[in-house]
Structure formats: structure tokens, C-alpha cells
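The two complexes that follow have chain A in common; it is paired with chain B in the first and with chain C in the second.
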Partner chain A sequence: MVMEIDCKGMYYKKLNKMIRDAIDKNETEFILHNINGQRYIGNGINEKIKITINGVPGNDLAMFMNGPSLIVNANGQDGLANTMNAGEIIVYGSAGDVLGYGMRGGKLLIRDNVGYRTGIHMKEYKKQVPVIIAGGVAGDFCGEYMAGGVLVLLGLDKDEDTPIAGDYLGTGMHGGVIYIRGEVEEHTLGKEVSVLELNDKDIKLLKKHLGEYCKHFGLDLEEVMSKPFIKLLPVSSRPYGNLYAY
Partner chain B sequence: MMSELPPEFIVKIDYDRCRRCKRCVMNCSFGCMQFKDRVVPEHKNCVACHRCTTFCPESAITITSNELAYKENANWMPEIRKNILKQAQTGGILLTGMGNPKPYQILWDHMLIDACQVTNPSIDPLREPMELRTFIGRKPDRLEFAHNKDGEIDLVTELQPQVKLDVPILFGAMSYGAVSLNVHRALAMAANRSGTLMNTGEGGLHKDLYPYAGNIIVQVASGRFGVHSEYLNTSAMVEIKIGQGAKPGIGGHLPGEKVGEDISKTRMIPVGTDAISPAPHHDIYSIEDLSQLIFAIKEAVDYTKPVSVKISAVHNVAAIASGIVRAGADVVTIDGFKGGTGASPMVIRDNVGIPIELALAAVDQRLRDEGIRNNASIICAGGIRSSGDVAKAIALGADATVIGTAALVAIGCRICQKCYTGNCAWGIATQKPELTRRLDPQVSAQRLSNLLTAWSLELKEILGSLGVNSIESLRGSRERLRGIDLDEQTLKLLGIKPAGVGQ
Partner chain C sequence: MRCNCYIPSGCSISGMMSESGKRMDGNAIIRSIALMHDRGNGLGGGFAAYGIYPRHADQFAFHMMFDTKQAKKQCEEYLKDTFDIVLDEEIPTRPGGVFEEETSGKDAEYGARPITDPPILWRYFLDVPEEKTTFVTEDEYVVNKVMEINSKFDSAFVASSGKNMGAFKGVGYPEDIGMFYKLDEYKAYIWTAHSRFPTNTPGWWGGAHPFCLLDWSIVHNGEISSYGINKRYLETFGYKLELRTDTEVIAYLFDLLVRRHNLSVEIAAKALASPFWKDIDRMPDRERKITSAIRQVYGGALLNGPFSVILGHSRGMVGFNDRIKLRPMTCGRADDMLYMSSEESGIREIEPDLDEVWSPKAGTVVIGELHEEVQ
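On to the complex of A and B.
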């Protein structure tokens, strides 16, 4: 059974409680209509449910989320996938700032642009690797303090003059990888990252993730892959190892 | 570059007594004690952790400070010159551990507690009921009751989640990473035994401690290490760490030396990298943002646990605390500038922040003035050294107090301030297996429990002499404190009268 909820004028506390109570009664699929800024949807849910969100959800969508699949048929706001552990979010639009803060696992796929500090302090452990893919461009401080995970910026349909990422790209990065379709100017890079060419393993990984991405957004994988990518890796796993007098 | 630093300490071996058992050599984790036919100390490496002197069966070792390492000068003190030499050699930020050691005035020692004589009889705490129980959490503005259909009286007001403490003393936040898993085990066991809470700090919670969930505060800090929905729900309370008394306003780096396989797993960062805690939470740039995180956590725990916000004691602490309470926090934890740390830049630890006594008095007063004191409990941390300090803190307005350094001293810490090196000889601030196994969690838990038992007995003695039979009656009762050797402005800030003034 699919549970449909008309969320017009509904406060987030009531909505999220309704969802949690329904999950306790084994509900597995939800369609939320008339969503308009309700916060914390999907917050802390551990079950593999599916939620379709019609409208713009509020901040901290899927915070601490651990399993569900969310589809957002609109733009997202700030803090999507904040400290998220597992699951999937697909956004048919753009999203705001601080996406995937401290993200520990799962996928965040965004069709268009993303704001400042995307993928900040993402983490990973062995096979648990979070993935963020944005089809458009990103703001400043993208991938700041990244300790793990995969972050991909595609820059599809962008003007030639618009940079694919803002300043301080990858600043403080000490783990994980950022793939960028196209080029970045040297001066926009954080001093803790270096630009490298892709190897076969990178191409295989990208094809896997982008194949899925293209399917969701009706894109042609070959066309997306036809433009060369670059890879950003941290220069050192201990960028601040020599900062201190012991 | 050659080090020009003179040794800080001189290690003297009484060779007449030494039996060459090499126990000191085995115990020294800083490479000071070496054996070349006989024990030969490398003075430069000594940090005065006193592991060797404690374990020498013949008491043949004495450690003294290297008296004339620097020619006497009241302005250019040895520490100043030592630091300059270190920085000239390395070009680095001076790193240090433990709390602020500078001789700033300790205001606890300038407050005296009242006692009853004749008119209001004191109470014998050993033979009469004496209550230390404390509930932490948001209290309602009023209680409403109604008759139910059976004619009985029911409480109508919906109460917010509370945590029950048998003693108003919690263990401070020390992360798994900064301290060893055995320390976390000891703290959890002791908290369980004594009816109080330990605090995970910001490094996540090892699965071995899950059974102690009812005695654990789980912390959510800017690095979000080990934070997930199961973690949040394996707790009695959740704490958002904004700041720490020893290093207000700055983030932290757990040095890569301490990030082994287990820490890497709990924190989800690569082995050997520095664990970076950003200075701010990047989803909190305002009180409104803080409110957003508080309620994100409340949603994740389904409103079943109080949420605390911990801040450093800084100049504007009272206004900040007011904002925190209005943002929806159930507890405000204030950490004073004498609070400990596993690693902090020395310049921050020794120069930033304000004393907890003043911060506590200011926050309690501000919340009372605004009529929101009941909306949150105040927990006071950073420099609590004895049951006397606890009693004074509660009289100044704290609901409960926190001990970090005192707890570590109870289990062996000698305050040598080398926590950041990962070489702790007492097995506390280290992740090296050969060192962590030196600390027996069972024995340490017993020592921690003993300390809390002793302080509880002393608190009851104080309450008895004050003629009250519960800690609740002392809370915020500044009339029972008097200041000594304090200027008028400080007395005013503390809200207490000078000693010698009656009612």
C-alpha cells in the first residue's frame, strides 16, 4: 500500500510523526503532496521505505537517514543528507548549501546546481562510501575537509564563463575523491588538493555511478562521459601534520 | 636543526638502592629510561609523568625540576623562553594538553560556605535522610492537575524528558581517540554504578559500551564523528558540542598517531590521518540554525531524550546561553577556561575564555532575569576539583557539575600535559595497545566510583551543616555563600556578599 499525505499547511512535527507511526505499522511507501518547506523529512529513519516528495522540502532533509529512498520532484533547500548513513536521495532540481555534511554513506543525486560547502567533511570506511553527484555547478568551499567519499560535478548546460566550482575547492581535504567534468582554474583550488588524470579504475567507478545518474535524469551516459574529467585528490593524508611544535 | 632546549627535569637514580630490575625502563613510554649496564636516564626525554617513580620497587628514583636550566628572571620566565626556543626550532603552533596551568585567581577558593548555629539547627547527614538526587532536563512553567473519571487527581501537564542523577556530578566529555577504550569502559561502568553519566566526547561510541546506554551522553560535534541514528538513540541524553573551555572558538585535530584501525572505524576516517574537527558546525551560523540542529536531533530520538548544548565560557556567555535556551535546548553546559583537553594550541588554552565561576553566575542570573531558568538545566564544567567546588557551583546556580581532569587523576593521570603525543604512560590518553592495557577498567571504575562516593558523603556533610536536607535546597542559594578577598565588582558579578556581612 502507498500512503498519500496532503501536507498543505501541516507542521513538520505532525508530518514526520505520521510517517514514523505508519512505518511502525509496516507502511513502506509514501507520497507527500503540497510539501512546502517542512523540515527533517526522512530524519533518522532506519527502514528501507520510499518517500516521494512533491514540493520543496525544508532544511535537513534526510538528516541521520539510514536506509530510505527519497525522490524530490522540486528543488531542495539547505542541509540535505546531513550526517546521512545510508539510502538514496534524487532531486529533480537544484539544492542549497551544506549538502552531505559529514555524510557517511548512501547517495545524493542532484539534477542541477548545488550551493556552498557541498560534501563538507564526508567520510568513508572500507566499503561504506557516500556519493554525491550534481549535474550543474557548485559554490565555494566544495568538498571542504573531505575525509572520504566520492563527489562528482558535471557542469552540464552551464555557460562557458561560469566556473564549475567556486573558490577553495577541496580546501582541507584529506581523504576521498572529487571528479570534475571539465577544468578548474588553479587559483580556485584549496592548497591541500592536487589535480590528476583519471585512470581505468576511476573511469570504471564513474561509469557505474553516472550510469545510474543518467538513468534517473534521462541523460545519455556516453554523451556525459564524452568530455574529459579531472580528479582531485588530497596532497597528504595529514595536511596539518607539521603545523605544531610538540 | 639541533635542539637547544635544556632538559626540563633531572632524573636521579640512587644506584645504591637500584637492583637493576629494569621496571622503570619497561614503564617509561617517553624514551627517558635506558639501560646500559645500569639505568641511565636521558633527562631531556623526561616529562615528569612519574610512572617510573611509582613502579620502582626500591623507591630509587627521584625527579626534580632542572633548577638553573634558565638563569632566573621574573619577566623572561623559563616557560616563555622554552616556548620561544621550541618555535624557533620548528616554526609551529605550540601544542599542549590538560587544562590551563597558569596562576589565574581561582574564585572557588575565594568563596566560603555558610553553616547553621543555634537558631536553625544543622542536620546529622549520617543518620538522617539527605537527598542528592537531581533531575536534568526542561521543567514546566507550571503544573496542571485535573480530576479523572474515577475522581482521582491526574497530572495534566506533559513533562519533558528528564535524566535522573543520583549524584550531581557527571564525567566530562573525553573522546574515544583522545582517551583509550579502557578509559571509556571505566567511565561507563563507574557512571552506571554511581547513578550518573559519562560523555562520549566527539569520537563516537564503541559498540562495547552500548549496554551502558542509560548512563551515556552522546556528543554531536562539528566533525560529526561516529554520529548516526543508532548512536543518538544509544544514550540518556544528546549533547551538541559548540565549544570547549580549553579551546573556545577553535576546532581540533586528533593527531594521526592516535588514529589506528579501531578509531578509524568508529570515526569513519582513514587510518593515520588527522581527525579534523572544524571550528564551527557548518550547519550552525546562528541561534536559528542551532535550533534547527536541536530539533533535528529531537526528531531523530523521537523527543525521548533531553538535548544539551555545550559552550565555552566566553565574554558574552549569558546572552549566548539565553539564545541556546530559547532555541530549544533542555540543558546548557558551560565549560570554563580551566577545563582540560587532549590537545589544544597553548596560546588559546592559556589566554582565551573566562573562569567558570563568573560564567555560571552570569548565566544563572540572566536566565532568572528573563524568566526562563526553568526551561533548561545548567551543567557547569571546567575546573571542578573537589566536593567543595561542587557545593559552591550548585549554590551559584548549577544543576550539576562535571569532572574531567579530576576523574583522570583518580585513575592515574599525573597531569604531565603530554596527552597530544599519544605516549601516555598511564594508558589514559593513548591508543597504543602496550600502553592502553596498563589501565584496568575494573579497577579504574572502582576508583572513579570511590571518588564519587567520597564526594557524595562530603556534599551531605556540607548540606547537613547548612541545615538543609536536599541538594535542591542549596541550588541557586547564593545567600549561603560569602566572598573573601574579592573586589566589589567581582562580588557583584558572583551575586554574593563579602564575608563578615550577615543577612
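On to the complex of A and C.
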């Protein structure tokens, strides 16, 4: 059964309680209509449910989320997937600032642009590796203090003058990997990252994730892969290890 | 003046402008800021509105707050000596008025909080006597008097002092403040709004946003950590900072840079949120020289700390962020309307069908300009 909720003018607390109560009664699929600004949708939910969100969801969408799959048919706001643990979010639009803050697992597929501080403090543990893919461009501080995970920027349909990533790219990064389709200017790079060429393992990994991405957004994988990518890796796993050591 | 000193944190701002000068009532801006209710904590809410006094468009409209009748009397003596009072009246309010509707950002049960304990709220439509402007301009004269009232009278404050505009602010949630001041009965071509979550300065009626001087108004989300430097800088030009809140400096800096120093609003915003030296070094020659000169001359005007700001003035609305975007701002356009808000949903709430929606890059200015005369 699919539960459809008209959320027009409904306070987020009421909506989120309604969803939780329904999950307790084994509901597995939700379609939320007329969403506008409701915060914390999908927060901390462990069940593998599906939520379709029609409208702009409020801040901290899917915080601590641990399993569900979300489809957002609009732009996302700030703090999307904050400390998310597992699950999948597909955004048919752009996402705001601090996307995937401290994300520990799961997948974010964003059709368009992402804001400032995308993937900040993202981390991984053994097989639990979070993935963020954005089809457009990113703001400053992309991958800041990143400690793990995979972050991909595609820069599709961007103007020639628009950089694919902003300033301070990968500042403080000490784990994980950033793949960028195109070039970045040296001066925009954080001190803690270096630019490398992709090897076969990278290509394989990219093809796996981008295959899925292209399917969702109706893109041609070969075309997306036809432009060369670069890879950013941290220079050191402990860039500040000696900061306070004499 | 009464203070409520709680220390918990956030803020939200919203602005809307008809670039063709169409005047709209306050219901939409109230709905927009109500949607972001939970960003504030009820210790300050306020609105700036432009085009609301067409019948007194030539007079300076002083919105005043007095703690006591005594203060009002003393201040009125002063106003009589310094201005020609064309009209004075109580600012109409709806005591106990609240925004009752439930929205996706506001709980109907717990959200509404009637506005209580307002100071005496009075407005004066003032002409500057001709003989007073022999040596100073009218604007300069008014600025001096505003500074004098705010600093010399303990219990009297000027909330706004521009022509054909006004600030409506106080302690409470903004949507309740909006109902309290009957903003549904005013019509303006620019509305800005603020919901406050004071972090390190008191929540009091005079400390609510917007901060205004002449027709400048500022609503601000964030914290100006350079406040001390900016304050000392402004004091050397005769400004008196009496409102115990960092945001006050932004209003006076625009007055100084744009009105007195004749800079454009864009250049003034560049001085306040100047590019970093490493970025200036990479600019083309001419741009580098201009930007360096502005940074050097206006070092005391540089704002540090996190902020997103909406500036209102009689010809337009301007939004900008701090240089590393530590506070949110989304802009949208639909026909002749320009919107700015802390959250996209704050815009969609009042205009679901936007032609364009974007988040401006940090340090860049979004400008709305009046293209036609106000209708």
C-alpha cells in the first residue's frame, strides 16, 4: 500500500509523527504532496521504506537516516543527509549548503548543483562508504575535512566560465576520494590534496556509480564518461598530526 | 528600555520587492517569515516597508519607541525645537494580535505568542525647517538628530527615520509582530522581514531588526565579529552606536559609504564583504587596483564573521553574504518580483511558480532596482 499525504500547511512535527506511526503499522511507501519547508523528513528512520517528496523539503532532510530511499522532486535545502548512515536520496534539482555533513554511508544522487561545504567531514568505515554524485557544479569548501567516502562532480551543462568546484576544494581532506569531470585551477585546491590521474580501479568504480546515476536522470553513461576525469586524494592521512607536537 | 536576556541561537530573513513599484499588503511577507518560525526564538521580529505613506511622502517619518510617558514628553519637546511636526499619531496596533494559522514551519498549538508589554509606539511626520539647512543637508541634519535622540534620551529610540517608509519591530515572533502592527493594512513595494535568535546581545524592542537610518534598513542573519572595529570607525564620522546590537553598524556603514561618500551600492557592499587579498592579487590590473584601493581606504568598514544581509532603500533591495558563506540566502524571481530568503521554502510559500531560483555566490551582491514609479 502507498500512503499519500497532502502536506499543505502541515507542521513538520505532525507530518513526521504520521510517517513514523504508519511505519510502525508496516507501511512501506509514502508520497508526500505539497511539501514546502517541512524539516527533518526521514530523520533517524531505520526501515527500508520509500518516500517521494513533491515540493521543497526543509532543512536537515534525512538526518541520521539509516535505510530509507527518498526521491525529491524539487530542490533540497541546507543540511541534507546530515550524518546519514544508510539509504539513498535522489534529488531532481539542486541541493543547498553542507550537503552530506559527516555522512557515514548511503548514496546521494543530485541532478544539478550543490552548495557550499558539500561532503564536509564525510567518513567511511570498512565496507560502509558514502557516495555523493552531483551533476552540476559545487560551491566553495567542497570535500572540506573529508575523511572518507566518494564525492563526484560532473559539471554537466555548465557555462565555460563557471568553475566546476569553488575555492578551497578539499581543504583539510585526509581520507576518501573526489572525482571531477574536467579540470580545476591549482589555486582553488586546498593544501591537503593532490591531483592524480585515474587508474583502472577508479574507472570501474566510477562506471558502477555513474551507471546508476545516469539511469535515474536519463543520461548516457558513455557520453558522461567521454570527458576525462581527475582524482583528488589527500596528501596525508593526518595533515595536522604535528600541529600541536613540539 | 526593557530587556529579555535569554542566551540560546539562528535567525531568518526574507525580502520581497516589486521592481515595477507595485504596492502589496503585508500578508505575504508575514507568511514568508512565519514559515521559518523555528529559526527564531521569539526574542525579536520586525519588518521594513517602503511606499507605505504616500500622503506624507515628503516628510521624514519617525517611528519612535518610548518606555514612559515622561520620556515621550521630553522627546517631543526636543522634536518641536528641531523639526516642524506636520502630524503625530499613535502607531496603530492590534494588542494581543497573533498569527493563528498553522503552516509547515509553524505549530498552531504552540507557535503563536501574543505581543505583550510594548513600549509607547508613536510616529511623527517631520519637515526640516528651512533655516536649519544653511550649512548641512536635510539628510545630514536628520542623521544628527537621530543620533542625538538615541544617545541622549534614555528611554526613547528612533526605530526608523526615512521618507515614505517605516520599521515595525519588537520583542516576539515576527509573524505575531506583523499582526500586532496591522501590517495587513499597509501597502509597500519593498518588504523585508527578520526573525531573531539573539546569541550575544539582549532581546529588546529597540534591538529587534530592521535597523534603520534615513531610508536605509538592514535585516541580518549572523554575527558581526568586527563590531568593535566598525563601531570605532563609524564614531570618527559622528555616528553613535546605542542599540546594543552588532547589526546597527551595517545600516550606518551604508549611510556613510553611499550617501556621504557617493559610492555605488555594489562598491559599498564590496567594501563591507571585500574579496580576500589572495583573490585580489589574481584580478585583472584595473579591477585589482580599484579593489585594493577600496580595501585599503575602507579597512574599518570590512565586516568579519558570518552574515547574510538584506538592505532596503527607497529605490531598491540588495542582498549579500559573508565571503565564505556561513549563512544561507536563496533568491528568486517571478515577473517583476525579486525575492530573497534564508530558505527557498520561504519564497515558495508566497510564490510557488518562480521563473528563476538561485543561491548567490558568497561575496556577490544581488540587486533589485525600482524601474518604474511607485504605483
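Observations, loosely collected:
Here, the second predicted complex is superposed on the first by the 244 of 246 C-alpha atoms of A that agree within 3 Å, B and C clash if a C-alpha of one lies under 4 Å from a C-alpha of the other, contacts with A are read in each partner's own complex, and residues count from 1 in each chain.
Quick note on the criterion: contacts are C-beta pairs under 8 Å (C-beta built on N, C-alpha and C of every residue); 3 or more make two chains touch, one makes a residue touch a chain.
What you see is a predicted model; the values in this text were computed from it and never measured.
In the superposition on chain A, A:147 makes contact with chain B only, not with chain C. By the touch criterion defined above, A:139 lies against chain C but remains apart from chain B after alignment on the C-alpha atoms of chain A.
When both complexes are overlaid on chain A, the residue A:19 reaches neither chain B nor chain C.
Of the two partner chains placed by the overlay, chain B and chain C both lie in contact with A:39.
By the touch criterion defined above, A:77 lies against chain C but remains apart from chain B after alignment on the C-alpha atoms of chain A. In the overlay built on the shared chain, the residue A:59 is in contact with chain B and with chain C. In the superposition on chain A, A:189 makes contact with neither chain B nor chain C. In the superposed model, A:174 lies in contact with chain B only, and not with chain C.
Here chain B and chain C are compared by how many residues of chain A each touches, and B touches more.
When both complexes are aligned on chain A by C-alpha atoms, chain A residues 12-13, 39, 59, 78 touch chain B in the first and chain C in the second. Remark: chain A residues 7-13, 15, 35-39, 55-56, 58-59, 75, 77-78, 96-97, 115-116, 139-141, 166-167, 187 touch chain C in the complex. Contact residues on chain B toward chain A in their complex (touch as defined above): 86-87, 89-95, 223-225, 227-230, 232, 253, 255-256, 264-265, 267-270, 272-276, 278, 282-283, 292-293, 295-296, 299-302, 345, 420-421. Residues of chain C touching chain A in their complex: 35-36, 38, 101-108, 278-279, 282, 324-325, 328, 330, 343-346, 348-349, 352, 357, 359, 361-362. For chain A in complex with chain B, the residues that touch the partner chain are 12-13, 16, 20, 39-40, 43-46, 59-60, 63-66, 78-79, 82-83, 85, 98, 101-102, 104, 117, 120-121, 123-125, 128, 144-145, 147-148, 172, 174-175, 237-246.
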